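What follows is a single structure, and I will ask about it in a moment.
We just call them A, B, C and D in the order they show up, numbering each chain from 1.
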């Protein structure tokens, strides 16, 4: 069986997870890592023993050959490497959202189609076995959905310390693609219009000009309603960096998932923190939803027939989040183009 | 000290709590109970040893003298007894919402003012010591509110078995006055506009023509946002009949209250149920938020200077819930008149 | 109706709760507060406007007349004031445990009986409405108890900062009277023998020579088993100072109570803390289990017929905790004298 | 790479999980399944397409060749197939407890040693990533353990419906090997003596002569204490069939794990149930702790150097559980031979 050669674009937290997973996969190897930051480039080269280059053009110039690329750059910087990878003849796994504008997202999808390349979008929660179980239960019980709602929020650590590019993003761009994709995937319905509100208060006062919090009310194609609430200014003393609560109500059942609640807490003299197994430490092998997603992408590259979130879904979600921001700007209900 | 004589209008679950509290109060007594249902009237007479009459007119015709009335009739039937009680020279405690239309609510308030009568509206959650504690903490810490959100929902037991008049109400009329009053009371801000969505699916199929669920997004006068979500079709297997989760996010802190979570559960061979002390069984004395509210109303009648939710607040909340339904009908953002 | 005059012995946290409750009670007044610490005495005098004296002898010497005394001194200092109060002809409410040895406890009970004085022991959890509800449910359902277990633990704040006398106490003396009394009160069975283990590790290293933790396994008179686990070295970052989980298993049902879980949390930049309403701030009146207990004691003094934990129960619990420490010393099962 | 051929002994719930995992493993295959029940044998043959025979002797008689066997028979029936497998030259994975007496356990270990065969005991919780994370945190922080306690209990479904052989087992034999192995694995300390209590009440009344519940208090070799509590008569309405709560207290930290709490609940008209992903349905591949354990066993068979729970550990745990039952019989503290 042919070894799948992968270019990892972006050597941040996420890029490293994907590099580690590629390295661990029996049928794949890292062709190159693209990371323009010189210090980080040195560290990546040491850690993975793979060529580290500035970007895809540089990789190609150096004659690196590959089958696929993973685009793990900041949200606003997906388009260029995605198009470059497709032009190089590679399939792509792109982090959510597919792009920061629906025009960019559509272009990536169209160019990929024209070139016969696979586009997978990193909606990793589909690999959370609890969500997968809910989807299967919903399909089995056959009840119609009445409503869905999701609270997905981060502590202020994320926009102030973890991301350098928070000001060019928002809670809607950074968090809602997860909850919205899940609502669509679970219910099989599409969002058709949205009304949103937001608050800019704490982050602007810290010099980061974006929303603290956004709430969005969607009408779905099946007549159900979906409320998404996301923010990233929760105080640092929260038990975990993120909080993800998802609820579905059907004509017969109600499902509640507290995704951040692992049932495991450690208390020190200072605080109580929830913990989850890290992405890379269980008996020496990487694990977790993004790892499983990457494995399936690699298996699909190797020829397996797998159901993966595709570029069309990526365009839909990008359009919906764009409509959220339009509604924030206009103060009215905005349609979501299909 | 003069004994406060109270007419209880409506002998249902709530009326009985207020009657029981009056009976237990050292400075008050039941003047009469108004209950048109003959069977229930007999039971009330036996239980409370007080005159049971059809309505306020009947009470007056029979020469019953009183200082105050409690209006615990269905929501759509508040106006007539409220006005009759005021005309009789009585102060009134009215169950939330003050009335089923803002015109009715305003008229009750105006007539009461013209007659110098006290109007208290039954926003009983203000007597929940946890909410009271949050209010005090918020006032002490001085941080500005960024957002509030509340999930208040009932099982389908409430509209199908507990209330005979669910079709003339909705999750917004029946539940949101509680969560909206709390958001206003805690933050000190007023709702200025609202966008709402609703679903009619399960209850109409059961012959009850009203909403299963309503979600509402409010802009508040202090620039914060408020999301309220209420429904009453949760499946019967829930640990409790209601679920009330309230969250507040400020510039410095986050508060989460799971009001229905008492920390106490009983599991039988069938299911696990949360339990709370009942309203009347703790060492033989009634207790709980509605009981404390009624006690304060009686103490205020006796001359104590207490901070109680007044008719103006009742009108505001009625107007806001009316705007929720307007938004459900128009599909657009609706202003909330002040 | 005669006003009940109360001497509060001990002006610490607990003494102040009882003083405040007495002051708030319509039929009671503080006759004197006994507090030998001069600084604290000044503060108490200013706060309560009552005479503050060194001790009961001093109170009597100054001609103070009273009906009842509350003994809220450290555990090892209950005997002297209890006997002095009885000698003065006063009824007593004594904090748990009744005394620090079963000889002292028995003597207090006997002298009180000989003098016809009421002894109430401060097992305040009987006033927690959730426990009261469980007792009532157990009595109604009629199933036999199979097992009970309780985890009652404090953070290290309690022995290192809150109590000056931790070294003369232990988790068994300070905490288990609560959980053991509750097990006895709920089940109606008595403990007949006990095996206990303990660890001395952290507190001795901090210069406080007592147990960090004690676990005790009781055989009950009805053939059921009871496991009590108590410690006071939990790290300071816990959401609350104490943790109290109680479980009962019968032939038909299972009850679980998380007493410390109020459903209310506040997160700051540092940590997440559970909160409960404070003892004195709800609409200006004291509240909570110790307050309700004190009220019932005062009402009983005024002639009401109430079911209160008496001296006999206090002796039983003292004997059982003494047996726990005997078992810790001998390493074997110890009988509990009845 | 050589394919590992595996004989699965016992075609019940567990045997099927191991068969399914073997089938899914790229380097392993099912050599035979041993299942004497004819109906079940037919179903297994159809499901796995592998030879199904009565027992190991039968397999050998039919010339089946293998490298390893998994012993998934009832607890009291481990010895014979374990010895037969070793005699056949196979390595073994044996379900916990290794055997139902310490003599049997020791003999299995000795015979395996004499024949140079690997013995792995199925302490599957070591493959739960949360426990693994705690172990790693404990090793990193270096604090000494003060106490551990575990509540591991099942609903009455397990002894009355799931197991045909409950009367020859007990909560101590069936459940405590899990919690005791975990306490030993996490702390690195050994149990040196135990005191236990039990209740026989409900199950005997249903014709199953064994304990409803057992609690055991262990002294550990490092001076810490360990309390284990296990029962299997919890009412059927519990959210899950099992409940597993594990707590560790060190000199600096406290860890709490609610293993049964997945954060996912489904409510129907009857009840609320927790759910976890099933063992076999995540994107078509088996998953979960027993699956991962079996995979590691297969990988070890294929030559990987893995840290697996061995026969010595199996003998230790068997001796400790035997001491629990001795203490139940004698009513005194029993030493645990090392």
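In this section, a contact is a pair of C-beta atoms (placed from the backbone, for glycine too) under 8 Å apart; a residue touches a chain by one contact, two chains touch by 3 or more.
Keep in mind that this is a model prediction, so the values were computed, not measured.
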item: Each chain counted as touching chain A and chain B at once; value: C, D
item: Chains contacting each of chain B and chain D, listed by label; value: A, C
item: Chain pair, A-D or A-C, that carries the greater number of C-beta contacts; value: A-D
item: Whole-Å separation of chain centres (CA-atom averages), chain A against chain D; value: 38
item: Centre distance in Å when chain C and chain D are each reduced to the mean of their C-alpha atoms; value: 43
item: Separation of chain A from chain C, taking each centre as the mean of its C-alpha atoms, in whole Å; value: 53
item: Residues of chain A touching at least two other chains; value: 234-235, 238, 252-254, 267-269
item: Chain C residues within the chain A interface of the complex; value: 234-239, 267-272
item: Sites on chain B touched by chain C in the complex; value: 127, 129-130, 132-134, 136-137, 252-269, 275-278, 281-283, 287, 292, 296, 306
item: Complex contacts: residues of chain A adjacent to chain B; value: 144, 146-147, 149, 151, 195, 197-199, 201-202, 205, 212-213, 215, 217, 219, 223-225, 227, 229, 231, 233-235, 238, 249, 251-254, 331-333
